[in-house]
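Multiple structures are listed underneath, in structure tokens.
In the two complexes that follow, chain A is the common piece, with chain B as its partner first and chain C second.
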Partner chain A sequence: MSRLPTGTFIPGSSPVHRLDARVKLLSLIALLIAIVSVDTLIGYAVIAAITVFVIGLSGLTLKTAVGSAYRMYLFFILVLLMNTCFFSAEDPWFSFWLIHPSHGGMVQGLIVVFRVFMVLVLSNILTCTTQPMEMTNALESLMSPLRFVKIPTDQIAIIISVAIQFIPTLFEEADMIRKAQTARGATFDSPKLSEKAAAVMPLAIPIFLGAFKRADELSLAMEARGYTGVRIHTNRKKACLRFGDYAAMVSVLAVCILLTAFL
Partner chain B sequence: MPIEVNSVSYVYAKGTPFETSALRNVSLTVENGEFVGIMGHTGCGKSTLIQLIDGLMRPTEGKILLDGEDINSKGYDRYKLRRKLGIVFQYPEYQLFETTVERDVAFGLKHLGLSKAEVTDRARWALETVGFDFGKVRGLSPMGLSGGEKRRAAIAGVLAVKPEVLIFDEPVAGLDPLGRDALMELTYDLNAAGTTIIMVSHNADALAEYAGRIIVLENGELIEDGAARQILSDVRKLREKQLGISQPTLIAEMMRERGVDIGHDVIRYNELISRVVLLVNGGVQK
Partner chain C sequence: MATMTTVKKSIITAVCIALCVVLPMAFHAIPNAGSVYCPMHIPVLLCGLICGPQYGLLCGLAGPALSTLFTGMPPVAYLPPMMIEIAVYGTLCGLMMKVVHTKNLYADLYVSLIIAMLGGRIVGGLAKALIFAGGEYSMATWATGYFVTSLPGIIVHLVLIPSIVVALMRAMLIPERYPKVDS
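And now, the complex of A and B:
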């Protein structure tokens, strides 16, 4: 593993890192709504400025914050071209068959690309600055009203957090098995499709077996320590909102409402 | 077929905030037919080193030469590497996946261009070498075997290729005493038959009995490389580095503290016994 997957939590102590995960999650949702509803140039500029400001606050490098979003450039180019060529038949530069490239279409394409890009970057900032555990706690906390309509939010939260916790373990195990099979002569980078397909089995079977075994052991261990599915467990870090959290939430909401209403 | 590790360094997750240096400027040479033990704490770089030697990772700096050829150079034949080097990972039983034991053992033989009869012969030989009755076990599902049997079957899968160098990563972890002795005997026999053995282990007893040479890693650096007897009998240094000490060495030290000196160089059980017998018979002066 030489390149870090996009969105991996990067430890830090910036104001963004320290913010309550619930605030971050809600802020992201508010910003997403703002991004979709804004439709003036000033509005887009404000959103870009906010994003740059958050990146600056978070202490992430621009490269980390943008993550793999830039690698979607082909998708962006495609979206731009499609919009430019097909968006509207009004006032085209020229017309040929179904293709009517126009100024309006190009602008529309740019807007779509801008929105998708901002959504990607902002969500990436969230996952880069929030520990997976905090995120599940935040989800659990935000979902908790659903308990009154008999939705087992505790169990859902446990399922999510167990799944997230075991991703690195499974990743490591898969890496080990891949190496072991490589050492026995398996090839995973063959260009031939038939060999590629044949290479799946030696990987998939041990990984699945290992995952099932691990799940069995984990459920036993959880039961042995008294887990019954009824909420009696506590969080190690009790999340409580501080002044900074309220301030951030209020200012994000205010900006978003202004953006949505006026720009 | 000597293995040369030439000032090799390895850095994990280079260029990210998680960058860690696992090996720093390690150089060593392993000659044909040696039995080399690698000791060191968890995280000292042992596993990284053997995976680099096996060509499963590329060194960040430095070169690894097999028979004088750089195994990471562009034109190097990977299959040649696989034929020459075999590696048994920690808990190899997790790599089993085929429907029958025989097919699993034969998995590594696909690329060797052997005939069907030869493949069966190899599988038979490998399974018998690890102590199975070939006729009984060949048709069984590897998933139905017991833990110890699974491990032996997985090791047979590596042996079947008949590599000239076998690398073991903590092969005895989680085995019962009988299984442990059987596995160590197996490595001894293979070594006696000419196979070079490189073994990573915390188990000082096992290494003392079988290894001719010991390499000690600490924080990614090679800090000791020498004859097993010299390194494993240096109790003071082993304690200082918090490494395992073999039981016979400990017993000899205890006896010395109580005024009975049977020599500073005892590392194996048979040596301990013969020295004590000599002592009882009056052969060693108090």
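And now, the complex of A and C:
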């Protein structure tokens, strides 16, 4: 837990860093739809090639780009094993009680692992190459049609932006609390259900108290600086989409439509 | 005396959304905690209870979505039904806290929590039966998934959430629901 999986902006001047955050967010959504829709080997190969291309363009090291996904290798192994053993009882390699490992199950497991891995890597690239404030403005801009039905999109964008920025802080704090409670004798791995349930209290209550204390301090600081939540703020500059942004968006959409339709 | 301004409600909602990402990872120390204790439900229920229905709704929608984006859990396939279920928890919790006033904090909290947890499970089951798993979702599957497997989680939520609300009130981080009047 001491290593934060994602969410930290890494400054840079790569083409991906320079792209408008709205384009990056829409491209990510389009790629996620393509990842879920594709169900052929060629389709998966194209998705993997696109991801490698984007990593190269972003200037991130391979370790940074795939780090968060790599750290979940135990989850991936578990998903693969469970799918292999339980997914299908047709044409199994052998059968024992409820376990029917089969080729079909293994393929299904590999597909699930591939999809989750790609989602993680692409999300990681987005957060590593986009400043939190840019992300907030992009979210606000993309949600702006909802203003017509009186939904406070600017407030929602601020909430999501603050949430994203809180994740690393709360992550470290939760880890510290877990270690402190372990040092005080809390047992999190007891086989007894009652002891497991009892272990939840000393972990959860301090995490919530610490988090709410931070929320209280931040809201006081924001109010002291005149922020009221009412829409009176302005942007320093209105970002306009450039040729590169349009080109990137059209390319990604075209590839995703082709992938979804034909592969 | 703590007061709940719009800014404070927004920031508490942001913290609860962040906890939807952090808490399941913190609970990884406890074996099978994710499926048994449903740690992502706790911040959403709390957000609804403390900030109100619209904030609970936002937390229920954004929490699981951000968790999928940052950690890959829950997987994308399970995300839509989970978002619907959790959003209903947050909304109903907030609504019930506005409607129920028994002059007893614990009674208000338990009535709101139980109705929200039941409502969320019913709507989640209906969403799965009618939309996400049309025709392949039985009453037995619903009861097993939402009540039998997660029974320890339900008990933990019912014990933990009122304790957290009371602890927050005692720490003066949120306002008292029934402040004591000095005679």
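In this section, the second predicted complex is superposed on the first by the 182 of 263 C-alpha atoms of A that agree within 3 Å, B and C clash if a C-alpha of one lies under 4 Å from a C-alpha of the other, contacts with A are read in each partner's own complex, and residues count from 1 in each chain.
What we mean here is this: a residue touches a chain if its C-beta (ideal position, glycine included) is under 8 Å from a C-beta of that chain, and two chains touch if they have at least 3 such contacts.
It should be emphasised that the depicted structure is a prediction, and the values quoted were computed from it without experimental measurement.
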Kindly classify A:Pro202 by the partners it touches after superposition: chain B alone (first), chain C alone (second), both, or neither?
first
Dominant toucher of chain A (residue count), chain B or chain C:
C
On the A-aligned overlay, A:Met176 touches which partner chain: chain B = first, chain C = second, or both, or neither?
first
Quick one: classify A:Phe212 as touching chain B (first), chain C (second), both or neither.
second
Looking at A:Arg184, would you say it contacts chain B, chain C, both, or neither? Reply first, second, both or neither.
first
Considering only touches as defined above, state whether A:Ile10 meets chain B (first), chain C (second), both or neither.
first
Once the structures are superposed on A, label A:Gly56 by its partner contacts, choosing first (chain B), second (chain C), both or neither.
neither
In the overlaid three-chain picture, which partner chain does A:Ile159 touch, first (chain B) or second (chain C), both, or neither?
second
One more residue to check, A:Val36. First (chain B), second (chain C), both or neither?
second
Once chain A of both complexes is superposed, is A:Gly244 in touch with chain B (first), chain C (second), both, or neither?
neither
Touching both chain B and chain C, residues of chain A
1, 177, 182, 201, 205, 209
Flag every residue of chain B that touches chain A in the complex, lowest number first.
12-14, 16-18, 51, 54, 56, 78-79, 82, 85-87, 89, 92, 94-97, 107-111, 143, 157-158, 161
Under the stated contact criterion, what part of chain A meets chain C in this complex?
1, 5-7, 32, 36, 68-69, 72, 75, 112, 115-116, 119-120, 123, 127, 155-156, 158-164, 166-167, 170-171, 174-175, 177-178, 182, 188-189, 193, 196-197, 199-201, 203-205, 207-209, 211-216, 218-219, 222-223, 227-230
Can you list the residues on chain C that touch chain A in the complex?
2, 5-8, 10-15, 17-19, 21-23, 25-31, 33, 36-37, 39, 42, 46, 58, 62, 66, 68-73, 75-77, 152, 155-156, 159-160, 163-164, 167-168, 171, 173-174
Residue ranges of chain A in contact with chain B within the complex:
1-4, 10-11, 173, 176-177, 179-187, 201-202, 205-206, 209-210
